[in-house]
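Take a look at the structures listed below.
Both complexes shown next keep chain A, but they swap its partner, so chain B is in the first and chain C is in the second.
And then the complex of A and B:
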């Protein structure tokens, strides 16, 4: 089996990937529910606030993925950057301050990988991923220390993050989306995309690849941090962190959405909606009493199909 | 340039409109399918009752639906596993035979993220649950919010607290409950103090700064030092409730440092397995059960241990809620026994007879290893009886902390609040746990 690069890639393959994912999901759900009626109930029960919340969080983080992967850079530490963003939100007095601080601190969080990648060619996939593990322990330090809420009796819990209305979160996401789309229409955006074709290309274009590598990663980190802040602030109850619940997993969903959406901001939005719906289906299945692992596998399969879509888009498979 | 800009503005605008229309359309379509499904479901099953109007048993008793929300998977052999055993006990006791009589129908959702408790509770309620148990500290606010929004349902949350007396008075359909293990740890400590040859104990702690775990560790150490004042204890924190890898590393390092009795608060039998491997290699290293009976994982190394049996507590709460539900009188559920309303603390004191949880479902401690000398057995049994009768408590003064400050004055005891906010360490730690 060989992969041959397609001379004229067609975005249609992302659609095939989405359909493949949908077929997988349907098969899994039918297999585990055992009857059509329960499967239909699992597919159609929707809690609109929940769906919107998951969608917005995944969509914001997917933009972080787009910003990084379109420049050929592998920031896979969205989970950690989101944790840092959520911590910043917990430390803030109001939602506006929370978003600003989240963007600031998650930018600082990715600063080291960005600088290392730009100046010393240190693999950013490794550093960003490892830093997400560091983020969890850092968060635990803050939960147990400076951000601990003394009013929670002996329990080790942070103070509550400010509340962010879901509509305000949606407006903010739209701004971000328009911002990212607009960015790619500018000369800077074009250069950022050129980076994916190689640093040489950027150099021939008369720009410094270092600056653009750092820019792409820093933007990506900032957006992921905002995603984390949105996640904790749009919860209906319990807008705090505990020692055991630091990481929420939405960072990984954001990465899947970016790939499934063909690394296009609008595609990523559509993919985020799809993943949010899958998450809702997974929730429904769990409430029906099916094993939680099956539910998680649903969302996981979407990630696999997202990468498959990317491969199918770029390459032709030859069975020889 | 101007045209291109206009062009992409158009594109963005049309995408935005398209997305909005698409989302609206999808939602409308989903809702209509949902209505259709609900309609067919209602037609095909005419017995499907509304949440407040329950299906009846043959004897005419209504069936109460109880839903459990777990933080972990039911097979983790620890926290959630124990709650699931409790649910099964409840189901078996109040629904022994659906054809003859059955007054509860239980269900559960596993691995619920703490931040999403409210969503899952709402879903359970719309599926018809009359009572919801949530079993993790992080579920507290979501459960309370659901309780205030659905005053006709019952809610019980494990391991939380009421912030103010006002909140307690407002949420009449909401209860807090937990289990006291520190008395069992104290008895384990008595055994550990007599079994150690090196006078060094080890403790593998999930989070050594949580009051719950400080309470366990302190009680264990107090027990050990009561029978052997030369004992000291070293603690290794692992930062996870369930992590066999880290527990193994921690246990191994403690053994290398000379500890020969290992206690732990972690959800897997790993520490016991490590001790068993040492026993097989000819070294006398001991450990315990925690949460579930783990003796099968270390038949030689297993001294004793605490079994959390939530079943009898769930049974009691469900029966009270049931009576309250069919009578419409909330006080039946919430204000009895009068001295501790809506605050259920299950403890060793509920196990009156039989030092074996297999004969007495209310017991929370496993039988002692035959290797434990008879005089130790007698002493442990004596202390156990005193704890059950209420004439003895591990934290009876004088108790000093590791800096020498008297924390419990002579002959005094700690209040529930002091116990549940414990943030100091008793004498005998090698160094302060971090």
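And then the complex of A and C:
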């Protein structure tokens, strides 16, 4: 099996990747359900509010992925940054404060990896991933301690996060989307994307790579934190964190959407909708009594196809 | 200053799985693959070991973990999919599948063999010595070359893809032994959160040890010492156990930074595999 570079890359291959993902998902669902009728039910039952909520969370976090990966930087700690964002939301009095604090604290959370990458070339994939695990334990400390709701005697849960209407969340996402698209039209955005070609290129362009490395990672962290806040605040009920349910897995979903969408803000939006639907399918399967791991398996395969789409865009796979 | 023998013994016992997984990461990273999926391999093999129990749990876990790692290598090596993101996805999938496989083992004690710690650590050090010697053989040189200059290796007629897959098999076998050890010998029980983070720590320890199996033997004690200290402090102080659990990860990051700063302006910097995390595509050879 070898890769041959295509003379003319075509974005159509992202579509093929999406079709490949769909075929894989169909196979997985058929495998778990065992019959076509139940599989069809899992595919077609959709709760619009639920789908919209998951879409918005995944779409916001996918923008975090777009911001870092298009700059050639590997922030894979979105899960941890989202946990920090959700914690900030739980500690807030109103939705506006929650979003602001989520962005602030998740930026602070990624500050160390950003500075270490910019100044000491410490691998940001390793540090952001390790900090995700740290975020989970830190969140448990806050749930069990400073943010524990004393009114819920006998249960270790936080106070409830303020409610954020789904339309307000949609408006916020649109603002972020427009912001990222607009950023890429500016000179700063161009320099951020130049980073992916190498720090030397940015240096030749007369800019400091360190500043742009830090900027890309901090922006990425801030957006992932907002995603975490949106996740907890748009729930219709149970807008609190428990010791067991700290990590929601939406970090992986956002990263998958970014790649499946070809690292384009609008492509990531379309991929987020697809992943939200996959999540709905997984939820339907759970309701049918099938294992909870299905959601991860479905989204994980979508991510693999997204990465495959990226490779297929540039290369042809030949058997020899 | 009095040294708590119990902490040291626990640290040595805990250093053994970290050393095994670190040796795997050293081999993989030497070959040019930054495998964050190692965390998934450790977790999945631990889950298999917990579900199967002794005595067959160990070989079964190693077989499953090695195959899982080879699948990762097939995707990132032959198909050039992004190493970091695939590793991340493989870890997430292993968490999901592993927790499901080992669900019947939650809360059930596993009969542990009688081990004190020192002898297990010494056995792991022997593996490190063996790997050090392996890296001096023809195969070892090829593994190092595939991480430093795969194009030249290819020009010499060595199949880089095959060499990297051999490295992947070795890495998988070592990391999955670590996973099986954690459940069957170190903890003697299973819960969803128990094994989380050990594989990632190994990825960091491989970097701290400057990709040398012999240095890894010393470096693997660092995270293990902090894990043991966290447990001891939980017993002795009123500090939150949740916060104490963050110490091994934060300490590992701190040591990684110190190690990188220390070698930054020295010749040791050249030890880093130049093709780390970059896929090799033969048709792009220049």
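Note that the second predicted complex is superposed on the first by the 301 of 320 C-alpha atoms of A that agree within 3 Å, B and C clash if a C-alpha of one lies under 4 Å from a C-alpha of the other, contacts with A are read in each partner's own complex, and residues count from 1 in each chain.
To be clear about the criterion, contacts are C-beta pairs under 8 Å (C-beta built on N, C-alpha and C of every residue); 3 or more make two chains touch, one makes a residue touch a chain.
Computed from a predicted model, the values in this text were never measured in an experiment.
Peer 1: After lining both complexes up on chain A, report clash or fit for chain B versus chain C.
Peer 2: Aligned through their shared chain, the two binders clash on chain A.
Peer 1: Using the touch definition from the top, say if A:255 reaches chain B (first), chain C (second), both or neither.
Peer 2: second
Peer 1: When the two structures are overlaid on chain A, which partner does A:190 contact: first (chain B), second (chain C), both, or neither?
Peer 2: The answer is neither, since A:190 touches no partner chain.
Peer 1: Contacts for A:96 in the overlay, against chain B (first) and chain C (second): which applies, first, second, both or neither?
Peer 2: neither
Peer 1: Is A:300 touching anything from chain B or chain C once the two structures are fitted on A? First, second, both or neither.
Peer 2: In the superposition, A:300 touches chain C alone.
Peer 1: Once the structures are superposed on A, label A:291 by its partner contacts, choosing first (chain B), second (chain C), both or neither.
Peer 2: In the superposed model, A:291 contacts both chain B and chain C.
Peer 1: Check whether A:211 is in contact with chain B, with chain C, with both or with neither, and answer first, second, both or neither.
Peer 2: After superposition on chain A, A:211 lies in contact with neither partner.
Peer 1: First (chain B), second (chain C), both or neither: which does A:19 touch?
Peer 2: neither
Peer 1: Once chain A of both complexes is superposed, is A:2 in touch with chain B (first), chain C (second), both, or neither?
Peer 2: Second partner only, chain C.
Peer 1: Check whether A:126 is in contact with chain B, with chain C, with both or with neither, and answer first, second, both or neither.
Peer 2: In the superposed model, A:126 contacts chain C only, not chain B.
Peer 1: Tell me which of 186-194, 204-212, 222-230 or 258-266 in chain C produces the clash with chain B after alignment on chain A.
Peer 2: In the superposed model, chain C runs into chain B at 186-194.
Peer 1: Going by the contact definition given at the top, which residues of chain A touch chain B in one complex and chain C in the other?
Peer 2: 137, 140, 144, 249, 291-293, 295-296
Peer 1: So in the complex, which bits of chain A are touching chain B?
Peer 2: Spelled out, the residues of chain A in touch with chain B are 37, 40-41, 43-48, 50, 137, 140, 144, 151, 153-157, 174, 178, 181-182, 185, 231-232, 235-238, 240, 242-245, 248-249, 266, 269-270, 273, 283-284, 286-287, 289, 291-293, 295-296.
Peer 1: Please name which positions on chain A make contact with chain C in the complex.
Peer 2: 1-5, 74, 76, 112, 116, 120-123, 125-127, 129-131, 133-134, 137-138, 140-141, 144-145, 249, 252, 255-256, 259, 291-293, 295-297, 300, 303-304, 307-308, 310-311, 315, 317
Peer 1: Along chain C, where are the residues that touch chain A in the complex?
Peer 2: Residues in contact with chain A: 34, 36, 75, 78-82, 84-86, 88-90, 92-93, 95-97, 99-100, 196-197, 200-201, 203-204, 207, 240, 242-243, 245-246, 249-250, 252-253, 256-257, 260-261, 264, 277, 281-284.
Peer 1: What residues on chain B touch chain A, complex-wise?
Peer 2: Residues 4-5, 8, 12, 15-16, 19, 23, 27, 30-31, 33-34, 37, 40-41, 44, 71, 73, 107-120, 122-124, 127, 136-142, 144-145, 160-161, 163, 207, 209-212, 239, 241, 417, 420-423 of chain B touch chain A in their complex.
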